[in-house]
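So, here come the structures, one by one.
One chain, subunit A, appears in both complexes that follow, with subunit B as partner in the first and subunit C in the second.
Moving on to the complex of A and B:
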């Protein structure tokens, strides 16, 4: 599975981007997007902002769960902070095609623990919980960024420490 | 994999290449630590600090008063009139509000119960309650004294503070009697409202104590209150029409 994570500011401007792969089930944590998929990721993520705006006033929840899907197999989960800064996580289970045949046999054996790329179910409670934990960990790091007196809201986050925190959270939960 | 697997004691060629690159990197880059990030001497960045530790974080009043006076005189050097000065104080407080909103919400959730995450304020009342209790308590150690809605103008809300901390050590000269330095606090409130998605036409601070004293009996108990609280300040929050429109729709929905 490959993930694309982005933070979008209040003026729909991107503040941070990070690509990574799954670290569960022997994944090596490297994103395997096809070359032409990478700019599409940004496009798909931004397209889902409309849905964020639709649902953000319906409840005060920060974690908006699975928000959008883009055929054939791209899923977008979202998180919105009180400041209206959006975290979007784009999940692409199908792009790890070469390894699929090797995983399907393992997946039937332990399908209860983590969905493999072949049987990925974005609304499974375990998946949602993992994404939620990931978002909250990033939210924590983002808050600390915000607390820096030298950081102004809606400016890109360039700190390598922040990137390290996001990568660590990704490794831990996804 | 198409080719034969590499011998176990030899690394695949691309890994070796990577290692070579890494080995070659330090001389190529003249100063590796100067990549933009400088660590403090204790090696602790802002990311290593605890967000929720608020015990012992209070600032002494003397230090605040000193700093605030300097802020005012800094702002005063570059302005033409009182309205301009208040505008500047407002601008100084504004970014603080933007940042405090998320911090206080996350602290709320961690202190009450870790399982239930705090909700973003989506309604005006929830937002104003957050301002008058949580925000006020964080800034001044007590909740605000009153929260009212204007009877004639629906988009106008009033937060009352009988004795604003920021004005405690400030005596305004007679010729500047219009000035209220709580404009700084108004800026913070405006920042919170804006950040939460409740755009305002502006938040302003007004002193009422002096005027009510002049009136003598200005409407029942209100006149007496003005006498008891000479520094009584009202913060006027005027929301934009689109915010009121949304509020109406949300009110109908649930």
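Moving on to the complex of A and C:
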């Protein structure tokens, strides 16, 4: 299972990107995305902003849960902060990343490479709770970064401390 | 119409004027075409007139008084009609127009089928006019749109006039589809393949071609059209490529329309739906026949018991319509009139005297018209036509104006005086006798077969191997209901209602059938009922609350596509279901557009489309998202980014297919949606996206350059050839016409490096890139 986490600013600009793999069930915490997933993940995350901007008005929560999916198996959860900065988490249950070629390749490839996607349920309470905890932990870290006098709002976050905290949260919950 | 052709003013007259076969462009195989593995030999004017249909493929007229794009109550926060007084997004003109066309397309594709069975002498008479296909081929183009308005009375007695009503003439046994030699790769299992081969293989071939339902040949046809458009687009240079790309939004791609149309053309005859079962059968004899009445009787017997008998899952009690073809040039009209009177006495009112001239008409004759081309030919038939026209320069067949008028009158009379009244009467009868009982109190608890079938017990006992031994009318071994069973009658009732555009009745009957078919485990019937129920529900002009839509329609589409694909292995029908569902949902606008996009995505996921279809459907997803307009000044609730994303994906698919023009169109659409200007993708915030977009546009530019380079090389070769064969006048003319656009393209090459999409790195962008992701180590 691979994850792609991104923080998106108010002008749809990325502030922070991080890829990691699952640490549960013996995962080594390394993301296994394919090469083309570099841009595909960004495209997918960017496209889900449409849904975020719609759902944010309907929900009173900051955590917007699972709100979008991209075939064949990429799930997008979102979290929105008070100043309209969005956290997006892309979950790919399979090791093969979201890509057009995984749609177009033969059916056999699909069945072979998806042992975990069959069992993964993005709306299971445990999954949602884990994602929520992850988001809140990142939110804490993000607030502290915001308070830094050297950080300008809506600019990319380059702090290695913040990246370390995100990685720790990922390891802890996902 | 086609911007790719019209954009080049110097080339367009050459191709649009297909009458002049004076100018024959030379053999030219573009690298694009050769890479796609297409056997391109030549493109002559008659062929290009065939391809030009992609430009004007959709009927321009609006259908009747229906306004389908009604604003809806939707689940979304931004859906109109809730609290905002904002205008409905669906009522914007650019949103409703192409959508309406998709609806018209569906309206016009499910029309009554009329089998044609002509005697040998009648066929011979028509063949003398230059139509090798005989009587069917002559009447077929005229049935596609009945001249004048057709008034139909629906089940509650309200009349409505339609001016785009049509009927489909087919050979009587066409839809059964006997493959020539059985060697055809079909994506679909065809029922009734074993039921009798034709004697003459040629006739069988022609009949087979008329059957659609083959996704692969649809792909091939669209690919041909694409390759042609690619070839004809001419060198797009710095000066004109902008107008090209921005003229048509991808929302109304003619190729997608063609794909849909071919998908809905030539429906194969199958037990689980009765659209292609004949509603009537035209029995035609000619005045040359020595014993006409005997001949008609013979034809009748052949259709009811003889070798023209349809398989026994087709209800054989359709209307017989008797036509006497009078040979205006050779036979005596008074004799024919008296014969016609005699026919009327014998066979009742369903008779017609068709007066045709038999002398072959040539284009130089005064009152001649070209025989119209059929719009609703199946994909394989169109392919055959393309192949044929690659060899023959002007295959057009001309008719005398008087013949055309006679045929139009014949079709109109047949439709308004026989077919429509008969169907109306049957609908009323069946509705009263079968469907209303089912709707009653007891009917709700009891399925049809349990109570009202007099045959059910006997048949199940004679069929011990049946998987469900309960009393049902379903023959699960052979997979059909007998045509006299109530289920089959109900299905026919619903289909008739659908064909006469009474969607309310149709959807209610389909809905009843769904449960019955489900209990009988008649999966193909179940899937088909679900499909048509969803379509009929969406076709009703009434508003549909988003709750009904998500609960019923989505569920129906889901089970239809699932059953067709997984239980029955019929990908063609699954694709048809999804395509119709998505089109109809799309035109409902608002949150239904989201659903439409979801179904289009599903079609991609289910792998029911080939490579061309994949690109087209990806494009369609983008169009669905783009059709959803937001509310307010921020246009909240729009799907701009999603539309742009899918447009990029579509461009990627087109690039993989080497279709540079299409890719370019998608790419510029994506750029427009992302809000980046054509000077570069400077505005995209994500680095990966930016790089990918740039790479894509470079590939597109390379494709274009490759084509342009090739054109010039071809021109050089042409010049060489010309010196060798100077006596060929035709060549010379084509040369002079061909050269000028290329001259312009030479200028374009000079300006090439400045071309917007070609520029690898503008200085502006390179400075912009750096600071964006620079690490500011502020901690």
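Worth pointing out:
Definition applied: the second predicted complex is superposed on the first by the 151 of 174 C-alpha atoms of A that agree within 3 Å, B and C clash if a C-alpha of one lies under 4 Å from a C-alpha of the other, contacts with A are read in each partner's own complex, and residues count from 1 in each chain.
Assume contacts are C-beta pairs under 8 Å (C-beta built on N, C-alpha and C of every residue); 3 or more make two chains touch, one makes a residue touch a chain.
These numbers come from a predicted model, not from an experiment.
By the touch criterion defined above, A:140 reaches subunit B but does not reach subunit C. Judged by the touch definition given at the top, the superposed model places A:161 against both subunit B and subunit C.
Of the two partner chains, subunit C is the only one that A:12 touches; subunit B does not reach it. After overlaying the two complexes on the shared chain, residue contacts for A:26 are found with neither subunit B nor subunit C. By the touch criterion stated above, A:60 is placed in contact with subunit B alone, subunit C being left untouched.
Of the two partner chains, subunit B is the only one that A:153 touches; subunit C does not reach it. By the touch criterion stated above, A:81 is placed in contact with subunit B alone, subunit C being left untouched.
Where the contact sets of subunit A with subunit B and with subunit C meet, they give residues 57-58, 148, 158-161. Touching subunit C in their complex are the following residues of subunit A: 11-14, 38-39, 41-51, 53-54, 57-58, 71-72, 100, 103-104, 107, 148, 150-151, 155-156, 158-161. Interface of subunit B with subunit A (complex): residues 35-37, 45-47, 49, 51, 95, 98-99, 101-103, 105-106, 117, 119-122, 126, 195-197, 246, 250. By the touch criterion given at the top, residues 76-78, 601-602, 604-605, 607, 611, 614, 625, 636-642, 644-646, 648-649, 652-653, 685-689, 691-692, 772-779 of subunit C touch subunit A in their complex. Across the interface of their complex, subunit B is touched by residues 10, 56-63, 80-84, 136, 139-141, 143-148, 152-153, 158-162, 165 of subunit A.
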